[in-house]
Amino acid sequence: MSMILLIEQLLNGLQSGLMLFLMAAGLTLVFGVMGLINLAHGSLYMVGAFACAGVAAATGSFWLGLAASIAAAAAAGAIVEVAVIRRLYRRDHLDQVLATFALILIFSEGTRWLYGSFPLYLNVPEALSGSVTLPGGIRYSLFRLAIIGAGLAVAVGLFLLIGKTRIGVQVRAGEADREMIAALGVDIRRLYTLVFALGAALAGMAGALVGTIQSVQVGMGEPVLILAFVVIVIGGIGSIKGALIGALLVGLTDTMGRVLLPSVFELFMETSAATSVGAALASMAIYILMALVLIVKPGGLFGARA
Amino acid sequence: MSALLDVEDLHAAYGASQALFGVSLRIEEGQALALMGRNGMGKTTTIACITRMMAASGGRISFAGHDLARLPSHKAARLGLGLVPEGRRAFAGLTVRENLMAAARKGEWTIEKVCDLFPRLAERARQRAETLSGGEQQMLVIGRALMTNPKLLILDEATEGLAPVVRAEIWAAIRELKAQGQSILVVDKSLRELAAVADDCVVLERGRDVWHGPPEALSGELAQRYLGV
Amino acid sequence: MNRAQIVNAALALGLLGFGLVAWAMGETFLVTLATKVAILAIAGAGLNLVLGFGGLVSFGHAAYFGLGGYSAGILAHHALNYTPMFEWPFLFEGTTSMPVIWITAMVIGALAAALIGALSLRTTGVYFIMITLAFGQMIFYFAISWPAYGGEDGLPIYVRNGFPGLNTLDPVQFFGLTCAVLFAVLGLIAMLAHSRFGLALQAARQNRQRLMAVGIRPGGVLLVAFVISGAITALAGALYADLNRFVSPSMLSWHLSGELLVFLILGGTGRLFAPLAGAGLYITLEHLLGGVSDHWQFFFGLLLLGVVLFARGGVIGFLAGGKRHG
Amino acid sequence: MADPILDIRGLSKSFGALKATDDVSLDLRPGEIHALIGPNGAGKSTLIKQISGEIAPDAGEVVLRGRSLAGIDAAGRARMGMARSFQVSSVAPEFTVLQNVVLAAQGASGATFRFFRPVMRDAGLLQTARDCIAQAGLSGREAVPAAELAHGERRKLEIAMALALKPALFLLDEPMAGMGTEGATALGDLLDALRHRAPILLVEHDMDAVFRLSDRVSVLVYGRVIATGTPDEIRTDREVQRVYLGEEA
Amino acid sequence: EPVKVGMITTLSGGGASLGIDTRDGFMLAVEEAGNPELEVVIEDDQRKPEVAVQLSDELIQSEEVDILTGIVWSNLAMAVVPGAVRQGKFYLSTNAAPSQLAGKGCHENYFSVSYQNDNLHEAAGQYATDEGYGSMFIMAPNYPAGQDSLSGFKRFYEGEVASEVYTQLGQTDYAAEIAQIRDSDADALFFFLPGGMGISFMKQWAEAGIDMPVVGPAFSFSQDILPAIGEAAVGVKNTAQWSKDIDNEANAAFVAAFEEKYDRLPSLYAAQGYDTARLILSAMEKAEVSDADAFREAIRAAEFDSLRGKFSFGPNQHPVQDIYVREVISEDGTLTNKIAATAMTDRGDAYAEECKM
């Protein structure tokens, strides 16, 4: 493999990591900071993508679609929090698992009801289509660069929100002792609704952006859910920095695994078998990575809590 | 003039087991009331009802002219209740500074002022609360309650686990706060210290208020009977 | 009998009664459905031991379920196709005998659980959830891309394996056999829960620091529970393979791990009969709603949501009241 | 003088730049109550944790009855007779009082991997547990779940659990905190009686109790022992008065 | 005597569009025929093998169906078919036709009405050979169907394989693969990425702006997903045994009727469903289903007006048929396929010899 290709693949790995971070950002907030196990995160991602595709098709404007995706997911998030999640904070974590599992079914089937079973069309807007040439002659899709930008912006925003603002502090306090923070005069109920809606909005935005270069269809949120959890746990729950680094690690491991493992096996195997074995191992790579990280650091790379 | 806090015939239960069977108490503006009783008699439960962390099953609570009966606990707190809870309950994952920040509300108490009161906290500002020593945590939660600039400061065993010097300091601080006109509801086991701040005492026994009176009157045989001293 | 015991008895009799009545009425399929409930309840019971009693939320129990399934599938595959499984140190041609398959499945489940458990138990809480998921996913992807036993296409078992003295092809006999296993497993778990080991296990859920301070290492207790749990779930997997006469990687998928969790939570975590109540309710609803509307999953979701919100402590908690582990 | 049961030699532990304990040496002799006092954050709990094996010291060793405990974890040390109470009550909240104490008795018996006999019908364990509950003053509360106990009662439960361990020594971290005057007095009497069964290393801020009960007192400040002596010596020590006792003495 | 058909197909979850088209095509034929003797029970397998098995048990044991059909996916077919045919039921495949069931595992009660899984890939290989592509980059997901796909392609491709890449099942981001493709000096790309994977890949491929011909089996370019890919698909060559513009009366009528009834263009799956129903109806004309041997003969005769024009069964009861190369075009703003060439004529399959029937 040529040097330039290797560099390009490293870039792809970083890029896919940032894309993962964008997909995981909402979950970082809801799961990492509020301490709520929300399996329906992927559904909110899907809601965003469908809202974007629907509005973009109706109005012809991707940007209106993007706005709609944020609004729709935030609204869905707020409704879900008020109607369901709010009743579960005091309960066992496991009740949250069951409730949000039920929400997955409701969202998926509800979306199918509204939009039918066929995948929707959503494509890169005119302004961001095509590619640019990076130094070294690497051609890179403009839209992907936009996704990278969005991922970085969200990372910085979240870092400031959670680490530096009073709201962030209060949310984390609520995670530690909800009853106590309320007894200090903080309206933790409303705060949680807001933060949950914000997390949902981020999921929705990721759904729209990532859905644009992938496919928009019912069930698109499920793989995202697992990946997002993997990213957050590797980084350490509650740490935005951790989530970002976790995402980059996962992105790199996945991409480089796919690219390099088959060639590694080719050294001592016949090509066809090597590609297949290499690919098999590559698909396990991120889970192996996660297991290794947790065995060595049981609280994730930057985890505050165990 | 109506009292700052007026609790009448309070009843409360944990599930099926009743813990309060009619507790009444009043605190006037600027006064300090000591709530006393042996272990398990319902002091903490009474406080939980006042701060609306627990729903009373009967009786009336009014605070600063508001009926607390239907308010959620954050609204009750915003009326001016500042709680130092039993068992500390500092926000474990947050730093000292963040703990204080989380509770802050406008008023004369600021992080700086709290740190003046407890210099230890300034030294440990960036340490996570769960790794603080017990006494440091205790200082932190008192500071945290002050950060809300409360009309009524509620201290549930606030000097538990403090070194004598610090305890003396805290009592001095409490007396000072009192002198500045701060209203206080205090639960503590040290009669001597209580006597020095409290204007009034209420003794609980098995969820009932069995004795009201000034601290001086609670001595000898009475103290033996109600508190086992 | 207290209320919890009455509910438990009703559940046990309900399952048996349902199967037998269905059989008497010639509704063979409903017997099969009841068998499926019983098998999933066994798997759930395995999970319940670590989750309900030990407080370990394993999100990777499909691994043991699937390993049990593949044990049955592979042994039967070799026996049915007359291709020896290995020839050294002795010739082994696979088997279609359930007892042998069960033992194999349980040993393999236990070994896998010992390995995965030993590594995973270094972590706690959500990290434990995710590391168990990670191991589950590794096995899943391995199974998908390993061609020898069908990969993602899976492995059919053309004829259900046999049990001495029974005709397992007769649905009602297989049903009876499964119920017997289920009740034996539940009995075993009840006994474990009340033993010294069970006391330590439940203490480990509540307060590991305290357990250490009384001289008991939580790690060892939890690992033993994890191994027993893996063996039980693998046994269920072997039965499930026989029920479907088919194994595939979907038995190893995280959806299945999730479903087992859902059964337990639905039934009431930590209750002995939670897996039976949860699996029974889930399968029944799925079956009934499936016929009502194309969008049955929507209503199914609403129903599940209703249960979480309004029936605290799951179905059994709702019916029997009181605290868990009472 | 009898050989010490517990001998602590040069224990040091740092958290980052902070020396929580700094070359601490003390011992605990048969039949004595050795009180450990010091300002908040002086390192008392950290010292207890190093003795009980919850955290590993950076340097120094703990010797129990002449045997070094290096490499033995908290559970092992508990089985060798180190009974411990925690500064913040630590019990199994869903268990009843009786179950909690049975658990401790079971731990002491060393046999946990028994899968068949119901533990709550084990007459031996039950007998031990009931005795300990009575001694700690919790009789009548056996069937109450620990989560439902009032604060002071939970402290008593910790004492009962420590008793059930048939200990060689007690490490008690502020057992009187939150007990109430009456409870503290009663607990004091209990400790007074216990010392002859097993010596007690007592961390406590309740000076009445400390001076009434203890045979020796050590004062820990900023991780270092600044004074050890009889209660009277300590009470009158200028330095101790300044940094710890204040005007109370 | 009535014939009861049990249809197990995917109507919910990922991939439901394929099942829905299968069902709609099948039911269109049933309704057109209006034969009161034919009764159809439809069940949703959620794309889960164990659900499919359970449904087949239900259909066989409770509904007592005579014929099963409808499964979209190979792994589900492997779960259901061997058991069903051994219980004396007929299974007519509307889509999935894994190699195991075509070779050693063939069965007299099992028919594939669609193709053998390898067929479309083989045709793509043949087409690549015909086009004179000297070297090809080939790619598929790493699971049995993907592995079969690449070996099917290589069976008829005579050029050189520049690179062979297995992606992950369910992968959604192909930046790394696209970089590899760009870097290779292959003449053309062959890929098999069904469903959402294909949509994602094609969009990203279009964004990358690489100028290389693309060939694939019809699955990523079938009518159900073409709209989601958009203009990016235009010009791509894909292989199929059916196309909307195959010129015969039955096909024209079918396309019109389908569009009329469901307000969308039919896909490959709809056509396969339709043909399967027509095959069953034709057999019912000739034999009673209770006489299994006669009914089997009637099916094997395949005397119905296939949408494909000519259609017959080979010795392993898999189709012998022509396979076309289609090109994606934009027709009045709608994306669809048009036949560009015939890749193979009267193609059976590679496994027929292994079948001892």
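Should a chain be cited, it is by its letter among A, B, C, D and E, assigned in written order, with residues numbered from 1 in that chain.
Just so we're on the same page, contacts are C-beta pairs under 8 Å (C-beta built on N, C-alpha and C of every residue); 3 or more make two chains touch, one makes a residue touch a chain.
What you see is a predicted model; the values in this text were computed from it and never measured.
Between chain B and chain D, the least number of touch steps comes to 1. Shared contact partners of chain A and chain E, listed by label, are C.
Under the contact definition, chain A and chain D share the contacting chains B, C.
When the C-beta pairs in contact are tallied for A-B and for C-D, the bigger tally goes to C-D. Most remote chain with respect to chain A, judged by CA-atom centres, is D. Centroids built from CA atoms put chain C at 31 Å from chain A. Rounded to whole angstrom, the centroid-to-centroid distance between chain B and chain C, based on C-alpha atoms, equals 51 Å.
Chain C and chain E, compared by their mean Cα positions, are separated by 36 Å. Chain E has its Cα centroid 74 Å from the Cα centroid of chain B. Contact of a single residue of chain E with at least two other chains is seen at positions 11-12, 142, 147, 169.
Residue positions of chain D with contacts to 2 or more other chains are absent. Counting partner chains per residue, chain A has residues 108-109, 112, 276, 279-280, 283, 305 touching two or more of them. Here the touching chains pair up as A-B, A-C, A-E, B-D, C-D, C-E. Across the interface of their complex, chain D is touched by residues 191-192, 194-200, 202-203, 206-207, 209-217, 220-221, 224, 323-325 of chain C. Here chain E touches chain A in the complex through residues 11-14, 16-17, 20, 142, 147, 150, 164-170, 172-173, 175-177, 179-180, 183, 196-197, 199-200, 203-204, 207-209, 224-225, 227-232, going by the rule given at the top. Touching chain E in their complex are the following residues of chain C: 27-30, 32-33, 36, 144-145, 147, 150-154, 156, 158, 171, 240, 244-246, 248, 250-251, 255, 290, 294, 297.
Of all residues in chain D, only 52, 54, 73-76, 78-79, 84, 86, 90-95, 99, 102-104, 106-108, 110-120, 122, 145, 161, 164-165 touch chain C in the complex they form.
For chain E in complex with chain C, the residues that touch the partner chain are 11-12, 43-44, 48-50, 53-54, 57-58, 61-62, 74-75, 78-79, 82-83, 86, 98, 100, 142-145, 147, 169.
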